[in-house]
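So, here's a batch of structures to check.
Next, two complexes with subunit A in common: one pairs it with subunit B, the other with subunit C.
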Partner chain A sequence: MADDMITEGMLDMFIFETEQGLETLENVGLDSRDAGEFDDDHVNEIFRIMHTIKGASAVMMYQNIATLAHKLEDVFYFIRESKPENIPHAELLDYIFEVSDFINGELEKIKEGSDPDGVADELIANLDTYLKKIQGSAGGGSAKKEEAPPAHAPEEDKPHFYIAPVASEDSHFYSIYITYSPDTDMANIKAYIAVNALKGIAEDILFTPSDIISNPDSASVVLEFGFKIALQTTETADVIMDLINTSSGIDQVEVNECTSDEFLKFCAEAEAGNHPGSSAGEVLLGPIEQPTVRTDAKPKEIPLTEEEEKVSVARKAEKEEEQEKKKLAPKKKKPAKKAETQSFISVNIQKMDLLMDLIGELVIAQSVVLQNPDLKVPGLDLSNFQKAAVQLTKISSELQDAIMAMRMMPLKNTFQKMNRIVYDTSKKLGKDIELEVIGEDTEVDKNIIEHVSDPLMHLIRNSVDHGIESNEKRQEIGKHEKGKIVLAAKNEGGQVWISVSDNGKGLKRDEILEKAKKNGLLGNRSERDLTDKEVFNFITLPGFSTKKQVTEYSGRGVGMDVVVKNIQEVGGVLEIESEEGKGSTMTMKIPLTLAIIDGMIFSVAGTNFVSATNAVSEFIRVDEDQLVIEPDGEEYVMIREICYPLVRLNRFYHMSNSKENLSDGIVIILNHEDRKIAVFADELVGEQEIVVKPIPSYIKKVKGISGCTQLGDGSISLILDIGDLIGK
Partner chain B sequence: MSKENLKQVLNDEEIVTENKKQYMTFRSCDEVYGLSLENVSEIIGLQQFTEIPETEDYIRGLINLRGKVIPVVDVRIRFGREQLEYTDRTSVIVIQVKGTVLGLIVDGIEGVVEIGESEVSAPPSVSTIEQQAQKFVFGIGRVNGEVKLLLDAEKLINDSEEEEESEDEEE
Partner chain C sequence: MRTLIAEDDFASRKFMLKFLSKYGECDPTVDGMEAVDAYLMGLEADMPYDLVCLDIMMPKLDGYQALKAIRDIEDERNIPENKRAKIIMTTALNEGANVNRAFDLGCVAYAGKPIDQAKFENVLRKLELI
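And now, the complex of A and B:
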């Protein structure tokens, strides 16, 4: 590669743009999957993407990528121009994915600093074969075919030059528009007669629809949209008029002379809009090669002029086609989404993190100021201060929201990746599975998205592979509906719930129990004691798989524990619900953000602890007589007839100088998932927004403490992780 | 006094020669210890710290240093001595080694000295130094007839894991 010439910035930009392009490519591909065909917008989008990638990679001198992109572009050029029907969609989709995978692989190599040396010859050959195939089948029977496909586009771009048409001295350019009365029979033949009549005087002629002879259906097209001819001749408009009017059924004829400049303009437009990828010469010459189109009257003295004429016609034809297509296919899919034109800048994530940290500091500094002990002088008039303080608090909380919003990203991209996984996996396993996505616009902190992607992928694979039965099996057991996976996301009280549900066979409680017993996981609990949830949770333990067979996708028993670990890393939990024979639902419950949380502060023996406010269900003063002590020393408190296990933080952490008497201190009821425990502390300190910081690595992990934070007075408080505390 | 100030003071007084190294010296119990100035980022007065339960007793807790949370270690306890009441002279030396920041609670700051390589000798195998402290001392420097025990900051920071093993051995 030309390393010297290529700067880092260019490379970054190339990688970024190409990745984005490929992502869009896959999405468009998957979008069209259910429809079984590409609509116009899809085709244009793919064409555009491949063109961009081709151009960019050629600039970067990644020839293999450029060549492959070019090939796919060719295929879509043909599809766009010729609108062949009945193209093998699934096959094309596979090629698209293969191309995307190949280029992605090469991008990885580039990122690692090595040369993209992959060879895509086989894929290119396949695409070639495919292109030939659809070209072949499109030759007959297509009603919409108007422009013939280009002859094979070249491997490399040639420079595009526009030269004003150099017409022979007396040459004029005409655009002719003929409409036929609606009751005309065989309008296509009539049109052909007109063309034939003009042949005698034409230096060059091009018309649309172009397949009037080979395709009887074109008659209706001619009737509906009229017949257009581009003509270069030395004769006058009157002569042309006379010649055309020899055939019957003509409703109206328009003959307009145009200048060579207009032709040039048309040509430029057409080039920009239609044929960006290929050299002018090649693309435009293409139609000439088609025997049905070309009625070559005289030797080509002025080739460029001819070509440009054709472009202008092709351009018009395309517009017509679009209208036509809309009319002919009103049942076509949902209106294609237009690319959103928002302006974005990309910012280094480290800068965002820094900003986030600084705002965290600001929040703390603010509470240091506002709760400053100096203000607590009796008799001090603080009314102005308080007003200013309210304003400050408001602004800083808005600032916080803004930075949060900046870090929030919709789950859309992540979900779209899943689409691809379902497609690939179900195809390989021969299962007919549909994926429904709900709530893909739900927004989550960027950091969290990164942690969600892997577990989600795993859950989806599990559902496809194990959850949903094979097609035959479904038939057998009388499940008639298609295998379906629902991927849903929603906001739920400061959390995001992302669930993967399938309508497959569900989890088998008995099998899991048996395996758990074998592995000695039950302890001294009886099987009946265990709730379904507890049983299903066994599958999240390392090495636990009831699957006897290992498949390519899952079943090795290393999956679910990794999923759970990943989710826990961002402070989330995994919940499993399942009904045998009906399917299962795995729900990831993940906090919206990691950085700033509302915390409830309480102290034990002079040390402050914080717990997330949404984990606190209540705090209550209890009397000694509400305390129940088990013979083994475990303590419970009875509050309103409900029994909560009691954790005395002072005893748990062996702290002295704290309150021992229950009635002196305070009991805080904390939730963890579906469990509630009572925590005994000396006193409540207050509530504050806290910025979570890790405990310095010098200090070993302390059970139940997940981090620390700075309080309003500048002191440090320890963050209590209730899940860790109760040893779950 | 920040590191820069200390250096400044020193530079004014004498010219630093190549094979001499600067050490921050401090008192803990009756000994004078030295830490290479490279590792010292600043000296602060003792401030309120938050105790962390269930940690080694020499880790006194966490302090807030301008928004950064750093652990503080009492050098006396670390070296197996009795803990004393903290006084006005009690200071915290903040050291930084390879990104890890740690505060050391010491009885008092002595100053900065320069010790040439020739003035540093290996610690005697049998010595009066507490055993706990011994493993952190990499050399003994003599300046004007005074003995400074030179500490290896890296070992101070990385000791937590090794600690348990060696403690077990000692017991």
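And now, the complex of A and C:
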């Protein structure tokens, strides 16, 4: 997200490394929480991280970050060297988190392009006091240890400073190649005019041959080998083109953008070619073998590309070397990291989305080909075609799997954040709560992670705040075990289930019912008809809170509906189970794949409808005598002694020319969560992989439809939203 | 403070000259070669430069080469650490690799162009040059 704002290598690197450091810092901190103290490894790790951050921010001249990091480093230097006993761990942990939060905040400012101007004086003062305190308590016995002044933590080398350029740097590097028509007079002067024109916009410019003014012979060199310019400017290639084209006799101009490294390399090579005594054109001489075809413009491109290739190879080698060098320094401490980082590349998420879209289109195109009406000529021998089709289908489904797998990320990071939230909130509320994490390696789509993290945070806060009773209350009611929240994730039949359970007081069915009645949410149903789940689901409605008091963390009743909305956005549902006095479990069930699903197609009055195949439990022909009509007009079908509510799609969407008689059409039993519904349609069409596309925004939300897709014959099919149909 | 500026671009050179002249004598040079020569002359005359600002992309000798040459001369003459010139690279090449390379070669600061004057002065203060 910040990519387009920061074009500066050094800053990028600083932000990346610092963020990584802080993440490790928090994890180390949380790891040690239960132990109540830092072991030697932790102390060393934290010391190392703070040292690195201090160094890096000093180089970048972010004084506030550097000072703060230095202070924390001092504290850990003292701990490492003097090994004081009985240091107040929780207090220290708080300071660590405060430091981490502060630096993170400053990093955000830097990313936005503003100056990190936060003031950490108070925090530094606190750390100072803390340091004095532990020094004091440790100092009693060993006075000499106190001598080791922690302020002089080993300063390893001379300070370096990096002065970032004033504005966000947006200059580009170009290599320009100009050829002149062979009959041009004084090509050197023409070339110089071009250079002169560019000087106005150039931050830096180099050209070869460089002696175009002083050496009249260079005219022939320019004619023969072309004229090369390396240019650094903030202008675009078009502007450069226009400027160059002001001089006459130009045959062809090529403007290529290159990186600063290539640029530098090019400059160096141009220099090398221009040593006194050597011909000006020597740079270009190497790759060019046949001087006879000079007059033609085309072959001249070849030497350039060849040279560029050479340049890029050289550059790569240089880069690798440099990377090697860079890696050597931190490698001392973390040799394992290296292999890990090397086997990953990071890809812009937009590119992944594009790839995903393209694969979706490919699946559609594939079904258009395979189900093409042209193939339906009677007597056509399609056996070879079918074989090829099977192969194609196999490959494209593997392709889908591959892209899905590529987008998968473990939930680890998200879960780790929750750790911090539990720590913060429980501390503030004075509750003793531990968090257990299960299945943090479960992988889900990146898109889902983004949608899941907010709701998850909310659920956790709810559990800490409302779910789990205060320590005194727990004592009082005889709950002896510690308050506990279990955060679990697992894959379950094409879905990922993420659940938050607590062993707190649970939901009060009666209270919720009462409130629901007051708000008129029951409709015409009686209390008894409602299952526990339905009752608990009331708490996900907007503005519904039974909590009388609002706390800092939750209780305004705007929470749960937002949670549900977020989950629904990725096609998931929230399930709530609870037992009063024992605790509650909130489970988010989210489909793993979002874009391509197996669909069952059926038609009503010539319109196709699709439902996800795994939602279809059976098709059945039903006779009229199985139909039960309630006095209020609601219809039900009895199938093997079970009663299903019936939805006739033709009536629901007001379509004529369809089958009215139950026995003529077909009934499809669809399930959603644990409820079932019977849907009446004219006929089944078939099963097919479908690519879910949203309904275009110019169409108002249609009840019971969640999206649309294109079928093999090019027709549009509507995707049924079963949950919506049930809730109609 | 005696300052040596090596910068091939006229406008940048003029800017640096104006900017740094208020802190003492400033000598402009137009490429790396001339900068090294000027630095040597300073040493010979026993009036060494306190600060050297080197552009990186320069004809004849680029900034890296000039930086290395100056450090080599100082090594050869056994000039003590605190007497050595403070070298600041001034360049538009801001990629990490370039910056680290310059640090490895022994410059104290690396200033990206366009130059942030306030920060530049800040560094000079830290280096106790002004």
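Everything that follows uses one rule, which is that the second predicted complex is superposed on the first by the 459 of 728 C-alpha atoms of A that agree within 3 Å, B and C clash if a C-alpha of one lies under 4 Å from a C-alpha of the other, contacts with A are read in each partner's own complex, and residues count from 1 in each chain.
Methods note: a contact is a pair of C-beta atoms (placed from the backbone, for glycine too) under 8 Å apart; a residue touches a chain by one contact, two chains touch by 3 or more.
Since we're looking at a predicted model, the values are computed, not measured.
> Once chain A of both complexes is superposed, is A:G714 in touch with subunit B (first), subunit C (second), both, or neither?
Touch status of A:G714: first partner only.
> Applying the touch criterion given at the start, work out whether A:Y698 contacts subunit B, subunit C, both or neither, answering first, second, both or neither.
In the superposition, A:Y698 contacts subunit B only.
> Given the superposition on chain A, which partner contacts more residues in subunit A: subunit B or subunit C?
Looking at subunit A, the partner in contact with more of its residues is C.
> Which partner chains sit in contact with A:M61 here, subunit B, subunit C, both or neither? Use first/second/both/neither.
second
> With both complexes superposed on chain A, which partner does A:V347 reach: first (subunit B), second (subunit C), both or neither?
In the superposition, A:V347 touches no partner, neither subunit B nor subunit C.
> Classify the contacts of A:A35 with the two partner chains as first (subunit B alone), second (subunit C alone), both, or neither.
After superposition on chain A, A:A35 lies in contact with neither partner.
> After the superposition on A, what does A:M10 contact: first (subunit B), second (subunit C), both or neither?
So A:M10 only meets subunit C here.
> Tell me, which parts of subunit B touch subunit A in their complex?
48-55, 59, 61-64, 67, 69-71, 100-102, 157, 160
> Can you list the subunit A residues touching subunit C in their complex?
It is residues 8-10, 12-13, 61, 158-167, 169, 171, 203-204, 206, 210, 232, 260-261, 264, 267-268, 271, 319, 322, 325-326 of subunit A that touch subunit C.
> Which residues of subunit C touch subunit A once you look at their complex with the stated criterion?
That would be residues 9, 56-57, 59-60, 62, 88, 92-101, 103-104, 107-116, 119-120, 122-123, 126 of subunit C.
> Would you tell me which residues of subunit A are touching subunit B in their complex?
Contacts found on subunit A: 361, 364, 606-608, 652-655, 693, 695-700, 702-703, 705, 708, 710, 714-718.
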